[in-house]
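Next come two complexes, and both contain chain A; in the first it sits with chain B, in the second with chain C.
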Partner chain A sequence: MKKYVSLLLVCFLIPGCAKQEIIDRIKIVQSIGLDVQGDTYKSSISYASYDKKKRLDPITAEALTLPGVWLPQNTKSDDQVVLGQVRTIVISEKLARKSISDLAVNLLRDPTISNNAAIVISKPEISTVISKTFRDPPFYLAGLIKQNMEKGNTPLTNAHYVLDQFYGDGQDVYVPVLNLDENGLIFMDGLGVFKDDKLRLFLTEKESLLLKLLKDKPKSMTGSYEFKWKNDEAVYFRVLHGRRKILFEQNDHVTISLKLYLQIKGLPKNKNYDNKSNLLELEQDIKQHLTNEIEVMLKKFQMNDVDPIGFGEIFRSNHRNWNEQEFKKDTYSKLYFEVNPEIVILYSGVGVSAQ
Partner chain B sequence: MQSVMTIRHKLLHLSYYSSIVNHEMIHRDLLAGIQLSNTDIGDLNDLKNAIPLDGIYMSSNLDEITLRLLQGFIYIQLDNDLHEGLLINVADLERGYRENNLAENEYSVIGPKVAFVEDLDTNLNLLRKEIISENLVFEEQIKGTMSKTRVVIAYIDGVVNPQHLNTVRQRLGDLDFDVIYDTSTIDQIISDNTNTPFPLFMSTERVDRMKVNLTRGHIAVLSNGSPYVISGPTTFFDFFNSPEDFYLPWILGTFFRFIRYIAIVFSIFASSLYVSVMTYHYTIVPRALLGPIIESRMNVPFPPFLEVLFMEITVELLREAGARLPTKVGQTLGIVGGVVLGQAAVQAGLTSNTLIIIVSLSALASFVTPIFKMANTIRFLRFPMILLAAGWGGLGMMIGVMFLLGHLLRLKSLGTPYLVPLFPFRYKGLREFIRTPFSMNSERPGFLRPLKNKSYSVQKHKDISDDYSNE
Partner chain C sequence: MHNNVKENHLISGFFVFFLIFATQSGIGGLASPNFIFTYSGQDAWISVLIMGLSLHIIIWMIYKMLGNPVKDVIDLHKMIFGRFLGSSLSLLMISYYFLSALYVFRTYIDIVQEWVFPNIRTWELALLFICLISYLVCGGFRVLTGLALFATITGLLLFLLVYFPINLGNLSHLMPVWNHSIPELLQASKASYGIFIGFEALLVYFPFIRFKDKQTKWAHLGMLTNTVQFVAITISSLLYYSPGLLQRTLYPLLGITKIIEFDFIERIEFIFIFCWLIMFIPSLCISIWCCTRILKRVTHLQPRTSLVFVLAIFFLVVVQINEKYKVGALGDFTVQVGLYFVYVYIPLLFILYWIRSKRKAKLNVA
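Take a look at the complex of A and B:
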């Protein structure tokens, strides 16, 4: 017994070796920006700062390998730089076009980066975007992206999803895209779809909503859409939630059935909101429009040989002998898609419109 | 004091301790009785018949005489026969002891506030008046070689488990001490494990709590000169029961009991959680909290561990000092210490805002246990936890919890495990956690192993039917 007690007391000498990261004496990084120029990687780090008096600058680093710039060494900082609360990783278009396999490897091997971090591509220069984040409150960028995923037109994606799509078979990576508008405000601008590890094509915001309808879970199938009806009048509706089923009929025939619950927000002036036949007609037209748009988008994917919706994955779960190469070469381009949306207009609001 | 008196031509030798006898009783009853008696006093028996008091012994044993004289008896010897004398009990029980028995330390708004006093006979009187049953047995012993304190074991025969009773009797019988200061002394000597900060006997000064314990099958030990009565065997969860729970409807009683459990957990872990999160685990802080926490800590030059230690020691100093100050000064200092010191510490940059809240709340929360002894334990347990959290962060806190659990699981109070109904899991015993309505409480708790299980039978209302129209 005495032996154990003395052993225990000796254990209490060890805490001197524990690494302390006292919360107000560290630089908490909120976003990492990565860029590549030729062979050199560059990174620009923005940290959360709650001290109004200090001058705020992004910490930059340059190296020949990605791990070299991942956590910049503390030569430019007066406190220890830590990556535990990183919520956004911004990569430049150049890096995306070059390859993201280095980034994926680093994400996988670094235990301090959270799996919930959002990975985004930025169309303008990385340094502009990162220095812009200093003028906003801390974690503004993370909030912007998260809010768009929950209530806007961006499909749900984070580091966990990206790694799963990157290393898994039958699915291609897609990440949201940032852009700066004329006033210098950051906004979400569609999606970027990768083929293998290189950026392949950009999707507009409308197409990103359609992708969201095809990929997301029912609760987060939300977004707003605007389309032109006949006579060139615009209709604006919001998707509240929906359900989706993707089935295979025969080997080359894929049926996608969607059921969407909409809230109509803007009708043309000469239509009445509570006229039942109007709404029915509207439903039919929205159905038709969505079918067309989705089929066009899917054909675009087939032509570019990318598969962000993951038909390969769905095929793999249904077929015993499935080979990714075979699927990509032969089957994917021959798939015939049949889209059956069903529209339910839940709310059209109250009100009179001009008769 | 010895004096010689001549009453009716007889010489009487009186010996007594004048500080502990009731002089009025001597003058009014004893001496007057002898003086006014009709018969001639020839020997001791006549004297005995003449005195209108009871409890008179004849004795010539020097040991017994010394013992009795110390207890307030008076020894009367007749002049012609100095070998033998009468011992009469004229002890002054009233003087020096307080009269009121309002329960000050265990206060409850509703319900009787009767508390025990220092005098053993008054306490026995109170108990006997409340439990009117011929099965209530008091066994008296004298303990303490120098204090000769009367110690009484109280139990309800037929309900209490004879094994527990024998344990208590045997331990008390083996007890050897010089002065029994308080029942806490007895508590520490006969308890199962003295190396624990947890109280193993329930000690209370309220009569209704002791009533409840006796009827459920506990054994109580009272001692002369102590207003606290200890009873065993207890479990850890008994210390969170307050008599007020029983006087309120059971839903409210349960709610308040849960508040107490949460308060205990908060009190032990809040400060150490602060230390470990601030020092090692910044990653788990939610986004919205990062701002306030960092801003409040920005001007503090100390690491979180020193900050917490400083604040905790300040609070402990306040408490200890406040307990010893006279009332008038104590009130002022309470306000000064509480409000001004906290604010000033923040302004001076010695602590952060969040920490003041956490430390003061956890200090408050440690006192929600109705029994004072457990509150002290909780207050003490925070410090090792803070040390462990400062050393190893979250891992240190888990190590502390492991040690605590390991210690608690091995504790036994009079042979029953301390963590019943959690550890030797008793499904029926789970109703100890909530204050069950009386309709469900008709059986005595199983860990006490009573001889009779059922305490009362539950009958339905005869005039209110049990269907939904009653709701």
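Take a look at the complex of A and C:
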């Protein structure tokens, strides 16, 4: 028996022959920036460093294929470049307008890239954004995006969602957009919506919240919103959580019921909102406003022939003879939406605002 | 023709539950073929359910054939086909168990190479595992049964992870239910056999079970648990992936684990792959054990000697299968052979056995 055990122990040494990777002797990529110029892909990466004093620069590369950009990247690096911890993939507007199908295929086939990685479009130059991510390493950009998805107005999306929407029938891809403000800070600037594999339109930050309300799971239906009220008074509120139901009543009539739980923060100064009638009036007005805004946004989607909400997928699940082409060509543009938001104001502050 | 297994080598009847569970979840769950979804789309779970339930009939047949008087498949062959033909058929069955061990083993190595260590060579991993297998198989059948218990516990623990895809999933992906024709569903059932492969080792280890007649329920319960488990996994895949993406995903279960993230561990799939080691080792070892057992029963070769030969050949064959398309072809071939073995050969044996026992009864009466 002892003989067997010792033989067994010796065998455990065999994996030692495999390549070792020691954590501070590899370059762990945190963000990848991808751009396209003619037929060549350009990339730049930012990576984590364990030496605080070291000055970090993005590594850039050019290659014919998308996975191929790692080859020149490695020639410029002293340590091996590894992709296991990529949190963000930033694509340029140009690449998004050309086609993201190469990116999707690459994500689908590569087991090393996490499905939790976020995919975002950058309006400014890729290299600028990537060099900004060294501001607060590691994972500054990933933190920024994650914070906005969990607490802010950006709908939840990651590599898995993008693949799901890209390959799934009856829905289109949407990804967050990054921009730089005048001080050179990165901020979330709404969404980019794709038609098949090409970027079709940009949505504003406000619309991105409305899309989030129509798309996200109840737990992450959060965000903040402000709008001008009838007599030029502004209202600002936070959505704390909510519920949603999308139903196909007939073939071309869609009812969207929303129930939103709000915390009112900014109130008009001329009225007292502790009494019932004023509060109900406010609820009514918020409801009216959201109904209009959502309807306008859905019209915009129909005009541009994009379906980020996935009405096609809901239609498919309700109809036995589903045909994607037919739905896209005939049904989608004729859909009539009935939006019924129900507003519940949970909190309105702990002081009296009326003057 | 009597039970020649010593009393102290027997296992309790309810261990069959673990044996059935462990031999079945070898590799199927991990590398479950995504083409069941091409055939029956959102109804794939019905196909898996049909497959699982139909296997209960096969288990019933096995218990009927081998139960009274207690015998294994070698005795059965001899009884039906006579000494010479029966022994040759038994020897042929070695190749079947060998093949199914090969399929499980090579597919697992392929997953490890593809997902975790692309640089590791097949022979390195094969050698490591073969040492482990030889150690375990030398321990005898009761050791393997104990291993099956651990595999079952691990399997049930890993099963808890389906919470994540179901939580992220979209219920509309399952609708409309039953939108495929019966032939399409059955075709998908056929493709899903790869998940269930392995339980037919029962044919060989049957004499090792104590009180066979009373303990039929444990075998059925094991099969039922597995069926429920695989149906749940299939449903969670369906919820998690949109239909289009699911058809393009080669390892749906591993793809699901890619999304799971804890604060202390970010890429759970690597841990998941190695947890699966505990799941697939018993099924692999029992297949290899079946080879040596049949050899012992037919040729009276000592298991220790035959194990060395079997594993040496095993190693040589595994190293030969070193290309992607060969691994795929091996999988397809094994599932095909397994399907014919279970759904054609076992019912055939059952019918022959039935005719034979009817005739015997008639003779006795006369």
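Observations on the structure shown:
One rule holds for everything that comes next: the second predicted complex is superposed on the first by the 336 of 355 C-alpha atoms of A that agree within 3 Å, B and C clash if a C-alpha of one lies under 4 Å from a C-alpha of the other, contacts with A are read in each partner's own complex, and residues count from 1 in each chain.
Just so it is clear, a residue touches a chain if its C-beta (ideal position, glycine included) is under 8 Å from a C-beta of that chain, and two chains touch if they have at least 3 such contacts.
Just so you know, these numbers come straight off a predicted model, no measurement behind them.
In the superposition on chain A, A:G84 makes contact with both chain B and chain C.
Applying the stated contact rule after C-alpha superposition, one finds that A:M303 touches neither chain B nor chain C. Once the two complexes are overlaid on the shared chain, A:P111 sits against chain C while remaining clear of chain B. Touched residues of chain A, counted separately for chain B and chain C, are more numerous for C.
In the superposition on chain A, A:L346 contacts neither chain B nor chain C. With the contact threshold set out at the top, residues 12, 14-15, 18-19, 84-85, 114 of chain A are in contact with chain B in one structure and with chain C in the other. In the complex of the two chains, the chain C residues touching chain A come out as 114-115, 117, 119-120, 124, 127-128, 131-132, 135, 138, 168, 170, 172-176, 179, 241-245, 247-249, 254-255, 258-259, 261, 266-267, 269. Those residues of chain A that touch chain B in the complex are listed here as 12, 14-15, 18-24, 26, 28, 48, 50-51, 82, 84-85, 87, 112, 114, 138-139, 142-143.
Those residues of chain B whose C-beta lies close enough to touch chain A in the complex are 277-280, 282-283, 285, 287, 290-291, 293-295, 297-298, 300, 303-304, 390-393, 396. Taken in their complex, chain A has these residues touching chain C: 4, 7-8, 11-12, 14-15, 17-19, 84-85, 108, 111, 114-116, 158, 160, 163-169, 171, 217, 313-314, 316-320.
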